[in-house]
Structures are given as structure tokens and as C-alpha cells.
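Several structures are given next for inspection.
Heads up, the next two complexes both have chain A, just with different partners, chain B and then chain C.
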Partner chain A sequence: MEFYDIGLTLAFIVFGAGVIRRASHWFCLRSSGSFSFTFAGAARALIADVLLLFRTLRTSPLRWAAHCLVFFGFMGLLLFHAMDDTVTAAFFPNYEPTLDPWQFLRNLFGAITLVGLVLMVLRRVMQEKLRTLTRFQDWAALLVVGCIILSGFLLEASKIISPVVFDDMVYEYFVAEEGRDLTALKAYWTKEYGAVFPETLPMDADTLEHGRELDEESCADCHSNTASAFVSRPLSMLLTPIAPALDVSRAHEVFWSFHVLFCFIALAALPFGKFFHPISTPLNLLVRQGRRDGAPMSGRARKVALDACTRCGECSLHCSVAPVFSVLGNENILPSEKLLSLRKHAAGEPLSDEVLKAFAEGSRICTECMRCTDICPSGINLQDLWLSSKAELAEAAPEPDRAVRGMSPDKWTSCLVEAEGVKDILPPVSGLADNAESFWACVQCTTCTSVCPVVAVSEDSTRDLDLAPQQIMNLLRMGLKDQAIGARMVWSCTTCYKCQEHCPQNIRVADVLYELRNTAAARLRAADNPCEDKGDLS
Partner chain B sequence: MKYAYFPGCKIPHHLPEYGSSVEAVCDAVGIELAKPEFNCCGYPVRHENELASIYSAIRNFAVAEEAGLPIMTPCKCCFGNLKYAQSRVAEDGKLAVLIATLLAQDGLAMPKSMEVFHLLSVLDEQVGAEFLRRKTATPLSGVKVACHYGCHALRPESVTGFDDPLAPTLFERVISALGAETVEWDLRLECCGYPLRGRDDTISEALMRKKLENARAAGADIVATACTYCQLQFDRERDALPFNDPLRKAPPAVLFTQLIGTALGLDAQVMGMEKNRISWQTASL
Partner chain C sequence: MTTDNKIYDVMVIGSGFAGMAAAAFAVKAGLNVVQTGATGGIDFSTGFIDLMGVHPMSEGKRWKNPWQAIEAMLKDHPKHPYGYLSAEEIRESVDMFTGFLSESGLEYVGHDDRNVCALTPAGTVKRTYRLPKSAWKGTEALEKKAPTLIVDFHGLKGFSAAQLAETRKKTWPSIRSARVAFPGSSGELFPEHMAWALAEPANREKLAESVMEHAADVEYIGFPAVLGVDPKPVMAHLEELTGKQIFEIPTLPPSIAGPRLRAAFDRGLPSRGVRTLSQKMVTGVRIVDGGMFQFDVGTGVAQTTVTAKAAILATGRFFGKGLQADMKTITEPVFNLPVTQPESREAWHRELFFDAAGHPVNTAGIEVDDHLRPLNEAGEVAHENLYAAGAILAHHDWTRMKCGAGIAIATAFKAVRGLTE
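Let's look at the complex of A and B:
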């Protein structure tokens, strides 16, 4: 039992320390912002959202079914099997794990948990989008729970067929009065309970009847027929051919060790990553009380929300800008992945420049459409998390617009024109700005400039905008694209298309300005923070 | 009349009154709305990556085609970008192949037909001004309305085909049917300034100021908008100005669906008039 005690103590220490560490984040902030909490609302949320998982049902009935199977199956096992000394024995004084209904229920709960886990694995494997988002912790969580259940079934199956376990029980609870007693009992247990003995036993009716009587006297008070163990018993039959080998290697002890080891791993892992969701998600659901809006939250509610993600991926499957992710390949565009970065960022962990750049890109590409918030089965107010972090991220890793405006012409030239491999970068959709045919018809009539509302509201357009639209067209006509891109006119274009509509020569002025912005964005994206490095030198 | 309703990204959180009034008006005039799951129209990301923008747009057409319906949107920017993407794919074969590949990765096929309408066009062409006139329970008599067209539906006309880009009349036709008086104003086709929000707030505000002051000078009581972004600019962004800024006194912006709903006598709560930050005192009605 040493292994058990040491393991349990260690697991509890890790669990306790981890939970304190995570929960301490929730309380380190002064609470501000709106926070409405009523006990009636909490009670409703507890029943509908926590216990019956209504929010999950709303999103996906299949996922709801899978989660319910795992949730109720595992909770059942935890309460009446793992904590049988404290829970089950208290309610049922005659409790024995090998008696029905417990033997049956253990198999039932184990089986439904396993079915739920299989559904969860299938969901992640079959849905291509979800498969690419699935990370180590997602598989790890499924694996640990799966191993607990499987090792449990193997433990029970190996005990059913084990002569050693039988002999131990006989030694403790059975007194043979006649020489044939033990043989009869063994024969009866072989026939009825599926035990497997190395010796050949007489199977005649007399012996079995005698065995039945002995079983009734000595065993039946604590042992129901193993047939009710509807998973373990068939599993034991599969193991029968290797039963002698299992017996010699004391397989049931090995399986027991694995079973408790996986339980300890699960307990110790509980405060980490998504393993924490059985604690944090119900808490978040209680805080949210059924709401699905994106109203600003208190700092404390935000911290709880950050921890409540189960990584189910529903937000990313329905994200409005998921097609942008398909093109750019930046996972931080998708809510479930952006949340990982935000959690690190909020905890004060330093992010590498590369990750910060990707995170900021994900932050600004979000269109704040609320869909992730509406759909989140854990009730996380993602909208508020995104909105409240946008300004800071825009500061930390500026978008192309701000980056270009912040550069002096020299810096622009050195970083994004003359730097190696950058000059030739074109945006994925191009062909206007570099194509002489786009401009050959331009007669520099200045119509584009005179209809431009941006030029019109500027008191001094040379000061505010550097170049007028027709001057930009002229530069491009002469192949001076790099000189044009940095001009503020390109960046302060309001995209009203008046220039293009009014151009007597049908030059696509506004489309060209879009393309120039795209070009700068593509170069900034490809360049590995060139301007920060070179900026330090200059 | 059945359409795949494309609300766009900003309505659910930032402008819910547009969504609720659009749905109520459509219901009242017999426009049936289906709600397939669309993605972003691609307009916001066009500044950064046009491929992502065009793919986003075309993907929506593919979704609509699966539903077997044309798209209807109340947002001019969504409308404009969907139209733009359609024209780009039509003129650039290589781009079309690229988009088809991206669609295939998502289990979708390149849509054969790409139809998108702005709600104003549907009301004008399918429902008709005459029908609106008959349906009007409380005519907006005496209300002087400055119709704000919004750039991305109007221009470039060769792409959008919305109305005459130099002298459009569609918006005024719909508003006059409600019994309101439409005013002539010089800057009715100019930009609201919203696209520059966060990029050049000074010019963005200057554009809004010039435009709203022009509407006031033309004697308008209200500015009618038919675009999510224009309304956000004239209402939410204007509300961020200092409390004593005279621009707050310029004509308030009212969504055209709020106007129609008011004229048709629909539930004021659903029209969300109280959600407008720069409120319109409807005492004149």
C-alpha cells in the first residue's frame, strides 16, 4: 500500500498547489466593472448549464451526448466507486464492490464513459478543421481518462480469471470440510463466474451442485455473479488463452497499479491547461448565469473566463474570419487558439516577438461579430476579452497602417525596400500597381484629386497626405512604386471610390491604393521585424 | 420573396437595432429571410490581404448557393465587397482557380451564380414604393430626411450596379413612399468617414463633420442611413465627441429600417429607436 499512499499524497500536493496558484489569479485583481449575481440565477445556471449542459446541447447535440456520457459516467465512478468508503458505504451499509448493483453499475458507468470518449475522439478525427486545432493537451485529457477506464476493466477482468485471487479469497473466507470441497467450489466458479484454473476440473452435475451449495454458504454474501460485469466478464473471456501467463506475472496487480497511477496523474494534472475545466467552467457558468452577451465584465470575471475554456473548438468552427485563417495560416486568428495566447499574455508570461505579432494580427482581424461568445458552451464572454485587449495589442505590435505611418522615409526605404528579399514581395492578389497598362491612359488631369473628399477636408494636403492621388498615379506610371507606398495619401484613403468613378480614363485609382496597402502589409508580414532591429542601429 | 439574410459582423454586438428592425420590416412587407451561417464578407481585411478578402466573400456565395437563395444584406460595405469579389473572380481566371482550391479545402464548390442585393434595392424593386405607401400607417409627414447613400454600394458602379453613381434616386424613392420629405443636399454621395476609424481619426471626424453640417444647412431633420458602418459613424462615433460639441445638434442619424418600421407602425421596442445615442425627438409625428 506504500505506493498508493505516497502516490495519493503527491498527487494531492500537486493538485492543491496548482489549484491555489490558478485560483490566486482570480483574486489578485481589484474587482471593477459590472457584475450581477443572484442566487436564483446561480441555481438556474447550476441545473441548466452545469448539470444538464444546455449550452452544449444548443451548439451540437452530438457533442452534448458525448460530454454527458463522459460527465455522468465519470462522476458516477468517482462518487460511488473511487470514493466508495466515504460515499457509497455511508448510504448502503452492506456495500460490497463485488455485489450487484455495484458490480453492474461500475461496468455501466465505465462503458458509457468509454463510449463518450470514443465519440469525442471521432469528433476530433473526423472534423478536419478541428483535427488541425487539436493540441497535445486535448489528446492527453482523452488519453488519461481513457486509460483510467481501460485499466479498470482490465483489472476487473484479470481478477475474474485469476486463480491467485481465488486462492487468496479461499484462504481468508473458506474452510474446506471435505477433500472435494475446494475442487467443487473451483468447478462451480469456473462454470458460473468465469474463473480459469490451470488444472482440469470435474464438471459433472454432482460436483457443480456441491460447489453451488458451498458458494451459497461462503461466497454469495459478497459476490454476485460476474455475468453482471457485462464489460469485464467478456473481456476476461478474451484473456482466457493467456490466463496462465497473466497469473504468473500477477497481471491484476500490474493493472491495479496502472489504474491508480492514471487516477493520480489525472488528479495531479487537474490544475493544468484544459484539465482544469471541471473546476473552472462550472464556476464561469455560475458567474455568467445564462447570459450570452458581450457586455464588459469585471476584471475578476475576466480572469475566471480565461481559465474556463475546455478547448472544444466550437468557436473556431463557427468563427466569421475562419476563411482569413485559411489564407493566412495564423492560428491566432481563431478564437480558441487566440485565447491561449491571451491567457499567457494576461498571466504576464513573455511572448516572443513572433508570437506577439501573430497574436496582434489575430486580435485586429477579429470583426467582433459576437458569434464565438454566443456559441461558447462554457459561457465565456469572449467578446469582452477580445475588445478589452485590442488596444494594448495594437500598441505592442502595430498593424501595417500604424507601422508605416510611424516610419520615416529613410526607415521605410532601408527596412521595406532595400532589405534583402523584401523589395520583390507582391501581395497575393496583385497586377495593378506593377502593370504599366494600368496607368498608360492617365493624362494627369487631376480629376481624382479634385473629387477626393480626403484631400478636400485637409487644410494642407501636402503636409497631411504627402502626395495627391494623381501624383501617386504618376509615380506608379514611372515605376516608382516604393516611393509611393509610404505616402500618407495611400493610408488615409477612405475607400469611397469617387476617384475611380470619376476618372475619365477609367483608371482604377482606389483599387490601386488598396493594392499598395496590401503590398506594404505583405512586406511587413514577411519581414522579421526589420524595422525594430534597424531602427535601434540608426 | 426569400433571401439568405447576411447581417454582417457588426450588427449583433455593435448595432443590434439594425438587425431587429431589418427583420421586423422584412417580416411586415413579406420578405422571407433564411439564416444560413455566413462568414465575414471580407471587407475589413481587404486593407491587408485581398486574397483573404475575396475568398471570404466568395465563400459566402458558396454557402448561399447551397441554400439555393440569393443574398440580401442591409450593409453597404458587405454588399460592396461581395460585389467586388465577384467581379474580380470573373475577370481573373487565375484568381478564380485559387479561390476554387481554397473552397475545395473547405468542402465547398465554386458557386455558379453569385447574387447579392442590398435591402434598399429589394424594397424598391421587389416590394415597390407603392406597396410601402399603402402599408404606411403613420406617414412621416413633415419630416425632412437627408438620404445618405454610402459609398460602397454606389461606387464603382461598373462593379456594384446599385444605381446611377452620379444622380441616384433609389433611396429617396423608398423614403418618400413613407410620406417623408427628402431634401436635396450637396454632400449626399460623400463618404461618412468610418473606413478611416482607427487609421486616421482626424480625417474621419472631419469627413463626418462636413457631411452632417451640410445636411443641417440643407434643412434636414434627420439623416437616413442604410449601412451598418455609416450608422456607427454618425451615431456611436459622434456620441464620443465632447458633450458640448455642436455636431451633436446636427441632424441625428436614423436607420432607414427604423423609419420604415415607424411609418408602418411596428413595435417601437423592436425598432430600437432608444438605442440610438444621438436620439431623434419624434414629437413632430
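Let's look at the complex of A and C:
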């Protein structure tokens, strides 16, 4: 049992240290914001949100079913099987794992956990969007739990058919009075319990009846019929053809080792990444007490919230700006992925320039529409998390709008036009500014400028905006896009579309201005752009 | 994309003078009207309603009496669109149109039997039949040669008070000019923004103050036409502040006249029951049961489908997109009607850009029967229920003849009459 003790000890040490490390984040900072907590609310949250998973039910009945199956199945196994010495035996003094109902329940709990896991895997595979979001830890969590269950079933199945296990038991608990006793017991166990022996046994009624009596005497107190192990018994029948090989290699011990090993892995992994959610998510649900608002929270509640993500991906599936992700490809636009960066950022881990830029872009593109916060089955107040980090990120990696507006024409020429390789960079949706046909009909009538509310509110449009809309159209018509791209008119456009609506020549003025902005943004985004660290913002 | 399931009596295609007039006349005649059209030439209008100013073009002869001008012109150009109407009908149409505008808050004035002389930003005098009330006192001042100050603004391009005064000085010695700063603005100025700014009374007070430094001994003050999108209260206030007679002179296009006209129609048409699909163009047309027209209007998600028993094609000429010219030929894009045009591309233009006789391409257009129904290649009525009005008709050069608004209004009137008879 050295392996078991050492393994368990190590797993517990890792688990304990990890939990302390994570929980320490929750307590290390003084709570500032208001924090409303009532015991009635907590009790309600415990029943509705933690035990009955009501918030998950809001996302989809199927996902709720899958999670319930895994949750209740695994909890059943944990309490009545894994912790049988302390829990089950305490309540049921005659407890034996091989007796019914325990044998049956173990199979039942294992089976429903497995069905739940299969549903979870299918959800991640079938939903294309979710599949792309699924990372190593998501598969790892499903895999570890799956391996525990499967190795458990294999262990039980291999024990059912194993003559070695039978012999050990006989050696310990059975005294043969006659020579035929052992043969009769073996025959009975072969027929009724599914054991598989290398030798051919007599299967006549007499022998079996004798075997039944012996079984009654010596075995039945601790062994129910393995038929109630409705997963393991059929599984053992599948293994029958290779039974001798399994027996020689003492497969049941191997399966036991694996089963225990996976349990240790799960225990040790519990404080890491999403493995922590069985602890952190209920805690967060208790803190939130059923609320789905985005009101500012205390610093401590924020820390708990950061840890509560189960990476179910519902927030990203409901995200209003997910289409922007499909265009820009920046995962930090999606809430579930942005949360990973935010967690690192909040923990004070230094982010590389590239990650920081992507994270800031994701933060900027968020429209604060609240959909992620409303849907989150873990009750995470994502809105508050986004808002609390937004200003700091905007400072760290300014949006192109602010960056370009703060640049002198000299500066934006060097950043957006002359910097190496930027000239060829275009936004994902383009084709107006570089296409002469977009402008050939322009008669420079100034209608676009006349109706422009941005020009109208400017006290001195020449000074404040550099160029008027019709002048920008004229530059583009002459192929001078690079001379127009940083003009403050481009960056001050509110995209009200009055210019485009009123243009007598149907020129897509607003679309063009927008495209210019996207072009500049794409150029600023491009790697090794020298403007990133030089930006002097006023 | 949406579908309007109502069947309208008439679809008016176009939102220039002709389209607006047709919609106004049709709704007055009790029809169910739907109207569409993007911004076209109307934003480039002076706001004046010309009936007939010049004939023959090559001589540049200007007429005091438009009715005599029409008579003389029709002798030389019998196919000119005015030939489809009697003088009485033309008179009735213009009166009905200005009546509609004044009911919508935009007043027009003029004489019944003669043209008015109006000032232009270049200082020349233009003859027109009806002009907005805001310009009326300018014609008085011009007639009386009264002591007048013409004001312009730093930053407003295309309007020079000094040039205007200099041009008129010989016959109008008491005319003077002054350039002032426009309240609250500097840099380049645009008429529409200035008009919005003057909705604010404080800006009018500042303006009056700076103008009065130059206006001690004048009777009239003439401004570029920027005195409010609704000029009535702005001008009344300025007259009160200055104690002078105030008038407007048109600016170069796009001037405030377009937004004022559009605003009047926006007030007047929907309130009388016209369904307006504004800022949209017809992108497709089909003939459906019983010869009705089904139109696709606009593009993309904003596209609407409407059905009408009849249609009035008032899409204008080139700038209004009623006619399309490519490198070889001129076509009509909505119904693909045949277009009367010079034989070849070489014959479109004369050699000199400012040739007084004008360019042949500018009389291109579609042919119609006596009821203004467009003709097909065979010279027969193309659709029994399709009428045409305005600049799209062939055989006129309205820019040089000074008959643009008149043709638009008169033929719109005739088309609606054909529709209701």
C-alpha cells in the first residue's frame, strides 16, 4: 500500500498548497466595495444555484442535464464509494462494497457520470464555436473524470472474472470440507457471478446446487450477485476472451493502480485552472445570491468571481461582439478567453506586449451589453470585471482612435505610412478607398461636408479636423489614401451616415471614412509597429 | 427587406422639383401616393422658380414676360415639353405648387405677367418667375436702387460682396459691401451649418451687431442665403435688431435652398398621406397582375417592395440619375425606355465648353405622347399607366433656357391630370 499512501499524501499536499495559494488571493486584500450577504439568500442560492443548477438550466436544458448527471453521479461515488470507510460504513455497519445496493449504486452513479461526460464532450464537439474555444484544460478535466470512471469499471470487471481474486478470497474466507467443494463453488461462481476459470468445470445441477449452498454459507454475506453491477458485469463478459491474459498480468491490480492514480491526479489538480470550479463556483454563487446584475462589487468578491469560471463558454456563445472575433481573430474579444488574461493580469503576472495589446483590444471592443453577465451559469459578475479593468487597459494600450488623434501629421505619417511593411496592410473588410470606382462620380459639391454634424459643431473645421469630408474624397480619388488616413476628420466621424445619405452621386462617404479608420487600426495592430511604445498622448 | 402590401394609386419616382410637385398634385387629386428618390439636383437649386428666361439660347436673349417667351420659344422648338400644356395650365400648375409650399411654411412671391429681376452671387441679374420671400426685398432694392449694404463672411467660399457691389455699382451707386466674421465660427464655412447656427437668437444678435458697424446709412442689407433653415423668424429678428430691410441672395450650390425645399416637402407630403421612401432609389421594376408596377426600392436590408397601379417617372436627367451616360450611349435605367440622343458620342458636345448654343447632349431625353406617357422603340405608348415629368423629357435645355422648375412643375401637373382623367 506504499503507492497508495505516498500518492494520497502527495496529492493532498499539492491540493492543500494549491487551495491555500488560490484562497489567499481572496483574503489578501482589504474588501472595499459594499457586500450584501444574507443567510436566507445564501440558503436559497445553495439550493437553487449550487444543488439544482438553476443558472445552468437557463442556458440549455441539455447542458443542465449533462452537468446534473456528472455532478450527482460523481458526488454519489465520492461520498458512498471513495469515502466509504468514513461515510457509508458510519451509517451502515454491515456495509460491504460488493453487496447491494452499493454494488448497484456504484454502477448507477458511474454510468450517469459517464453519460453526462459524453454529453459534455458532444456539446464541445458539435458546437463549432465552442469547439474552437475549447482548450487543453477543458479536455483534461473531462478526460481525468472519464478515466476515473472507466478505470473503475474496468477494475470491477476484471475482478469479476479474475480466478486469482477468487483464489485469494477462498484462501481467506473458505474452508473446503470435501474435495469437490472448491470445484462446485467455482462452477456456481462461473454460472452466477461471471467468474472465468482456466479449467473446464462440471455444470450439472448437482454440482451447482452444492456450489449454491457453499456460496450461501461462506460468500453471500459479503457478495451480492454481480448481475446488479449492470455496467461492470457486461463489461467483464466482453473481457472474457482475454481473461487468461488479464489474469496472468494481474490486470485488476493494474486497473486499481490506474483508478487510484487518476483519483490522485484529480485531487492534486483540483486547485488549478477550471478544476477548481467545484469549490470556487459554489462559493461565487453563494456570494452572488441569485443576482445577475453588473453592479460594482468589492475587491474580494471580484477575486472569488475571477476563480469561479468553469469555462463552459456560454458567455462567448452569447457575446454581442463575437462577430468581431471572427474577423480579427483575437480570442481576447470573447469573454471566456478574456477572463484568462484578466486573471493573469489581476494576479500581477507580467503580460507580454503582444498579450497585453490583444487583451486591451478585447477590453476596448466589448460594448458592455451585459449579455455575458446575464447568462453566466457560475453567476460571475463579468460586467464589473470588465469595467474595473477597462480604464487601466485603455491607458496601457491606447485605442487607435486616441493614439492617432494624439499624433501630429508627421508622426502618423511615420507610423501609418512609412513604417516598414505597413503600407500593404489593409483591414479585413476593404475595397472602397483603393478602388477608383468608389469616387469617380464625385463632383466635389461639398454636400457631404455641408450636412456633416461634426464639421458643424467645430468652431474652426480647418483647424480642428484637418480636412473636410469632400476633401478626403478628393485625395482618395487622386490615389492619395496615405495622405488622408490620419486626418482628424477621419477620426472624428460619428458614422451618422448623413453624408452618404445626402450624396447626390451615391458615394459611400461614411463607409469610406470608416474603412480608412479600420486601415489605420489594422496598421497599428500589425506587429513591430514602432508607434506602440512611442505614443505620447495628450 | 420589407414588403408594403398596400396597393398605391401611383408611385412617383423622383424627389426633385418634378417628383415633389407630382406627389403634391397627386395627393391633392385624392390619390394614394408613394414617393421615392435620393438627393438629386434639388440641393443645387437657387430656390428660384424659373418659367422661361432665355430664347433663343444662341443669342442669349432675356425676356421680361415669360409667357411671351414661351410662345416665341415653342414656335422654334415645337417639341419642347411646354408644348403639351396651355399657358393657363402652366400658370395653374405653378400657382398650385407655390400654394402647396406656402401651406408648408415656405412662401414664394412674384408677378403674374412678368419675370422678377433677382441678384446672383456674381452680381449679375437673373430673371425668374417666382422667388422665395426671403429674396423678395432684394428685387425691391435693385429696382429702387436704394442704399444697400451687401454682407459676406470670412470663410464662406463662392460669395463675394465686394465683387457683387463692384459689378452693380455702375447702375446702382449706393450699393456697398462689408465682410464680417460669422458669430462663433472661423475657418471654412458651409451654408447649412451657418443656417443651423442662426437658429440660436444669441448668434443673430452678434451678427446684427457686427453688421451694424457698416450699415449706419443704408436702407437694405443683403446677406448670402444662410439666414436659417426656416428663414422667417431669423429675418424678422434681424430686421428688428437692425431696423433695416433684410434680404437673401443665393449662394453657390449646395445652397440652403435645397434643405429648405426638402424640409417643406417633408412637412407637407407625409402629413397629407404620401408615403415617402426618402433617400432611396428604385432598383428594380416588374409588371404584376393587371399591368400594375411592382418596385424594389433601395438596397440590402433597407430594401422595400411596393406595388402601384400607375407610375410617374420624374427621375431627372444625368445628375438626378434619370439618364445614364456611358462612353457610347445614353440609357434610361428604370424602365429601359429609348432615349432620344445625338447619333454618336462625337456629336454630344460642341467644341467650345461655353458655346452659347449649348450642347446637343443636353436636349437628350425620352419621348412621350400628348398625355406624357413615354413611348417605346416603335413610337407607341410603352405602358398605359406610366407617365413622365421633368427634366427627363427630351427637347429642352433647361439650364440655358432658364425653364427648369417650370418644366418640372408644369409636366408634373399634366402627368397627374392624365392619370386622373
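The working rule: the second predicted complex is superposed on the first by the 437 of 538 C-alpha atoms of A that agree within 3 Å, B and C clash if a C-alpha of one lies under 4 Å from a C-alpha of the other, contacts with A are read in each partner's own complex, and residues count from 1 in each chain.
Here is the rule we go by: contacts are C-beta pairs under 8 Å (C-beta built on N, C-alpha and C of every residue); 3 or more make two chains touch, one makes a residue touch a chain.
These numbers come from a predicted model, not from an experiment.
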Partner chain in contact with A:501 - chain B first, chain C second, else both or neither: both
Partner chain(s) touched by A:463 [first = chain B, second = chain C, both, neither]: second
Between chain B and chain C, more extensive residue contact with chain A: B
Contacts of A:318 with chain B and chain C, given as first, second, both or neither: first
Chain B versus chain C as contact partner of A:339, first or second or both or neither: neither
Which superposed partner A:445 touches (first chain B, second chain C, both, neither): second
Intersection of the chain A residues that touch chain B with those that touch chain C: 456, 458, 464, 501
Complex contact set, residues of chain A against chain B: 294, 318-324, 326-328, 365, 367-371, 374, 383, 399-401, 427-429, 431, 453-454, 456-458, 464, 491-492, 494-498, 500-501, 508, 510, 514-515, 517-518, 521-522
Chain C residues touching chain A - in the complex, by the definition given at the top: 38-41, 43-44, 184-188, 190-193, 196-197, 253-254, 279, 281, 319, 321
Residue numbers on chain A that touch chain C, as the complex places them: 445-447, 449-451, 455-456, 458-464, 468, 501-504, 506
Chain B residues touching chain A - in the complex, by the definition given at the top: 9-10, 12-14, 37-40, 42, 44-52, 54-56, 59, 88, 92, 95, 102, 105-106, 151-152, 154-157, 165-166, 189-191, 193, 195-196, 199-200, 203-204, 206-207, 210
